[in-house]
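Before any comments, here is the structure.
Labels A, B, C and D are assigned to the chains in the order they are written; within every chain, residues are numbered from 1.
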Amino acid sequence: MTNPTNQFKGIITYPITPFAENGEVDIKTLTTLIEQLIIDGAHAIAPLGSTGESAYLHDEEWAEVAQASINAVNKRLPVIVGVSDLTTQNAVKRAKIAEKAGADAIMVLPVSYWKLTPDEIFNHYATIADAVSLPIMVYNNPATSGIDMSPELIVQLFTAIDNVTMVKESTGDIQRMHKIRLLSHGELPFYNGSNPLALEAFAAGATGWCTAAPNIISHWPLKLYQAIQNNDIELARELFYKQLPVLEFILKGGLPTTIKAGLKLRGLSAGTPRKPLHALDDAGNKKLQLLLQTLEECA
Amino acid sequence: MTNPTNQFKGIITYPITPFAENGEVDIKTLTTLIEQLIIDGAHAIAPLGSTGESAYLHDEEWAEVAQASINAVNKRLPVIVGVSDLTTQNAVKRAKIAEKAGADAIMVLPVSYWKLTPDEIFNHYATIADAVSLPIMVYNNPATSGIDMSPELIVQLFTAIDNVTMVKESTGDIQRMHKIRLLSHGELPFYNGSNPLALEAFAAGATGWCTAAPNIISHWPLKLYQAIQNNDIELARELFYKQLPVLEFILKGGLPTTIKAGLKLRGLSAGTPRKPLHALDDAGNKKLQLLLQTLEECA
Amino acid sequence: MTNPTNQFKGIITYPITPFAENGEVDIKTLTTLIEQLIIDGAHAIAPLGSTGESAYLHDEEWAEVAQASINAVNKRLPVIVGVSDLTTQNAVKRAKIAEKAGADAIMVLPVSYWKLTPDEIFNHYATIADAVSLPIMVYNNPATSGIDMSPELIVQLFTAIDNVTMVKESTGDIQRMHKIRLLSHGELPFYNGSNPLALEAFAAGATGWCTAAPNIISHWPLKLYQAIQNNDIELARELFYKQLPVLEFILKGGLPTTIKAGLKLRGLSAGTPRKPLHALDDAGNKKLQLLLQTLEECA
Amino acid sequence: MTNPTNQFKGIITYPITPFAENGEVDIKTLTTLIEQLIIDGAHAIAPLGSTGESAYLHDEEWAEVAQASINAVNKRLPVIVGVSDLTTQNAVKRAKIAEKAGADAIMVLPVSYWKLTPDEIFNHYATIADAVSLPIMVYNNPATSGIDMSPELIVQLFTAIDNVTMVKESTGDIQRMHKIRLLSHGELPFYNGSNPLALEAFAAGATGWCTAAPNIISHWPLKLYQAIQNNDIELARELFYKQLPVLEFILKGGLPTTIKAGLKLRGLSAGTPRKPLHALDDAGNKKLQLLLQTLEECA
């Protein structure tokens, strides 16, 4: 519960995982993309999250993307690798691979088929934490994982497990952040994982914004963060409402689907999401193009 | 849809309705309370809201409280009177009484027994609006009313009905406020009615905070608003987290129940809520006393 | 908790409350309607329920409908009068009026503006029960009342309060009925108040079906009940699926709205629901007419 | 959409997947268990469902269990193999393996990480259906899969895809079954997958009950089915309420967890569920033992 994690703050950017025409992972495009994300001002890179289609990758593909991402960043920024898996055994295996590959932290989402009790979740985290010495970002995202961790449980993980040092809250419920702050007496840094909550999460004291948005709107999230750093809520609000239509669109349409469509609109071919996920349809593409153009004209 | 309502902003304070020992409305204590709320810096007074137990009053009692509140304020501040009722006919009747009594605006919550369609809600508002010339604050509070108005419907009311000029959003869902702002191109002023969302609603651009909290924590809400006015989100955040435990407590326990208990702790006997509502129990009173003391010590 | 209530079983029919052109209660049509409901085979008549727009009536109107209904039935069947009101005081008043008017039982729904705790609900029932000597039907219908009573609380009311002897469950959740039966060891008779659950509630052992459907589909509910009485689930299923489209339609459209429309289609002019409720629109009327015709052709 | 599937009816029994001490799949115990399930009167055997921890198995383990189950049944009964997987590609692969191994039908649950649109779900089924010639049981279980298919979508799958011939509905919402029956004009056989809904699903016309309960309460589900076959709802109800406490317990505690505990209580050591799932705790074991004893004493 010591917390030397102030290296993780600001805009934590989540790259998608590009696929080639033949359906295989496209490492070259991933490397290009990560380079661009660094140029756009990311404070950390987080491969193999929800956006990275981690859940849809074979173990070998997962390991390949982890290593390639760490190589691409090349120690210029911290790298937080998503190691989530349905079984504890496989999550441990991934955590060890990430550590060996040079990750600076790992992110763990408890994934469900059968619902988990708080004890089952606790032991899942404790087992993974025992297997590595990296800092762990607890990740709560019931909409994708099917498991909703209460603020009480999250703070318990933080208090009881040494290398649990951060939490990414993606419910979109600002009251969760309030609760985490009150329960941990401000000690547990929380990060916002719900794009349309970005402004208010920062207002509430979030340490960072975990987001895939920079893939397609580059420095806009960074500018919002900087306004907050300058204690300028009025400017932050203005910047937020400009990017909000894009943030809402990518959330609603599913991040891999919409971000890959947006990258293509910007000229980077990163393939389509794995089936059963579909590529964005024509109407969606037109809408997204319009939203991106409108935002550019604001700049 | 013209909007000369900038007189309504900041801290809109909702007095409770005091009852005497015999169960009757206690006008004298109401007058005392309103005087105190004005001293504590309210920007407007809003009697006969949810907090004012409007739903539990007979028509005669309702009219008495409306008139007494307007008299007590005596034009020093704007008065927004809640005129909600289950039937359109009775809501119209109350709206006219409020207007005649000298209200500056009325607040209307569509109350349900049978669920209402959007058309039924629209006509309810249109009929009330036709009957008076006062500005109307649309009030969305599905937790008490059983009716949830979408941002789309709310903006439609604003666009189509001349004297609908404001909306009080009490769902506690910040995305509703975002949507109202985007859909109305920033034209429809929104007010936050969910106490634990106060900080973030202001961050998102709320024009005011509709709250019963000043009844028991006097100027704390005002100080938060002033920090926002000064574009100082860091101070606002600090002030917010200090009062948050009280804000959560009064929301969770039911406002008439907790506010009346708090007033008694502060020395003003305002009776207990109407049955079936109970007075706050002993454990609740101790908890509330502790929260109020802790807050005072912060000052 | 003694239970001499086996007089209440089978089809408990809920008449609507007719309104004249001028908006006033139309007692003459109410009397005609009740006569027809008795002819169609009702086992009990239950005025002033949700269907009877009880919540939308003034106290005087409520009392008038209670007395007129009891008079119309004229002791040929048991009469269960709905006495629900937001305040305990007014519910008690109505309970006493119903008893004096000759009701055989009263039905009580705890109505909310502010949510009620289990203790508040318990005391609401206990206070009403103390005031009369009639059997009380507990009524759980969170969709209209905003209050959801758990099976545990319902069985507690039955166990602790002498004249609480029946429960009408309208959540549409068959597991509630299972729970009530298990928790009360089969002692607490439960009645189904969710029309599209009629078949399965009887399968699960419901003592009766509280329904407004006979207003417009006469003996169809009765036939279903008789098939169940004859232990013929195959016939019951056949009869159920024939009437199900009507049952779904009237639930979805709101009972006062759809039943009044259906009565008009059958030649009885009972007016329209009180505003803000609307009359059924043209498309709805055509749909309902088609459903009623289709059902008649099945006979 | 032709429907020669009347071979699938009655009690469709779901074996758990036993694990040895070392965590590996225990084929010998699986064979013993399936033999017992056949003796207890199952009408079909369905390995690799939710109960079979299919989601927690490696591909090789999955294939091993599929083949071993088919071998153990040895054509005495139909075998329905669960082939669900997160990616369409892997579900197709499993479907082909099941077909080659001799399955009589496959069951497909659309599993989510990112939510799927109706089009995505449709194409997932269509692609799997194209790859095999076996009948397909559509499986809707949002509580585990995170995807809720509407009755409309389910009937569309049945209408448009030739070898989609059955649906297992596990939401526990009887109205879904009504809707499926009405929309498909009684053509699409539905099977109940929610244990505590067994009685009412049969009342509503379910063709079968997909259940893991026979693993620990042997012939009780069969007896309920037989009563229904004999059009004896009164006996069915009596049998149902006797087994209901067990059915509720196993649903609430998670099927792999509770069924494996129950098997151990009955003398068959089938190991514990894969982590993060825990074995049933002591209090749970005592409760389950009591429930099983109480049921036996009813016999």
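Definition applied: a contact is a pair of C-beta atoms (placed from the backbone, for glycine too) under 8 Å apart; a residue touches a chain by one contact, two chains touch by 3 or more.
Everything numeric here is computed off the predicted structure, so don't read it as measured data.
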**Request:** Return the chains common to the contact lists of chain C and chain D.
**Result:** none
**Fill in**
CA centroids of chain A and chain D: separation to the nearest Å works out as 35
**Asked** If you average the CA atoms of chain A and of chain C, how far apart do the two points sit, in angstrom?
**Response** 52
**Prompt:** What are the residue numbers in chain A that touch two or more other chains?
**Reply:** none
**Asked** Mind giving me all the chain pairs that touch?
**Response** A-B, A-D, B-C, C-D
**Message:** Could you list, by residue number, the parts of chain C that touch chain D in their complex?
**Reply:** 172, 174-175, 178, 181-182, 196-197, 199-200, 203-205, 228, 231-234, 236-237, 241, 244-245, 248
**Complete:** Per the touch rule, the chain A residues reaching chain D in their complex are 50, 55-56, 86-89, 110-117, 119-121, 123-124, 127, 143-146, 254-257, 273-278
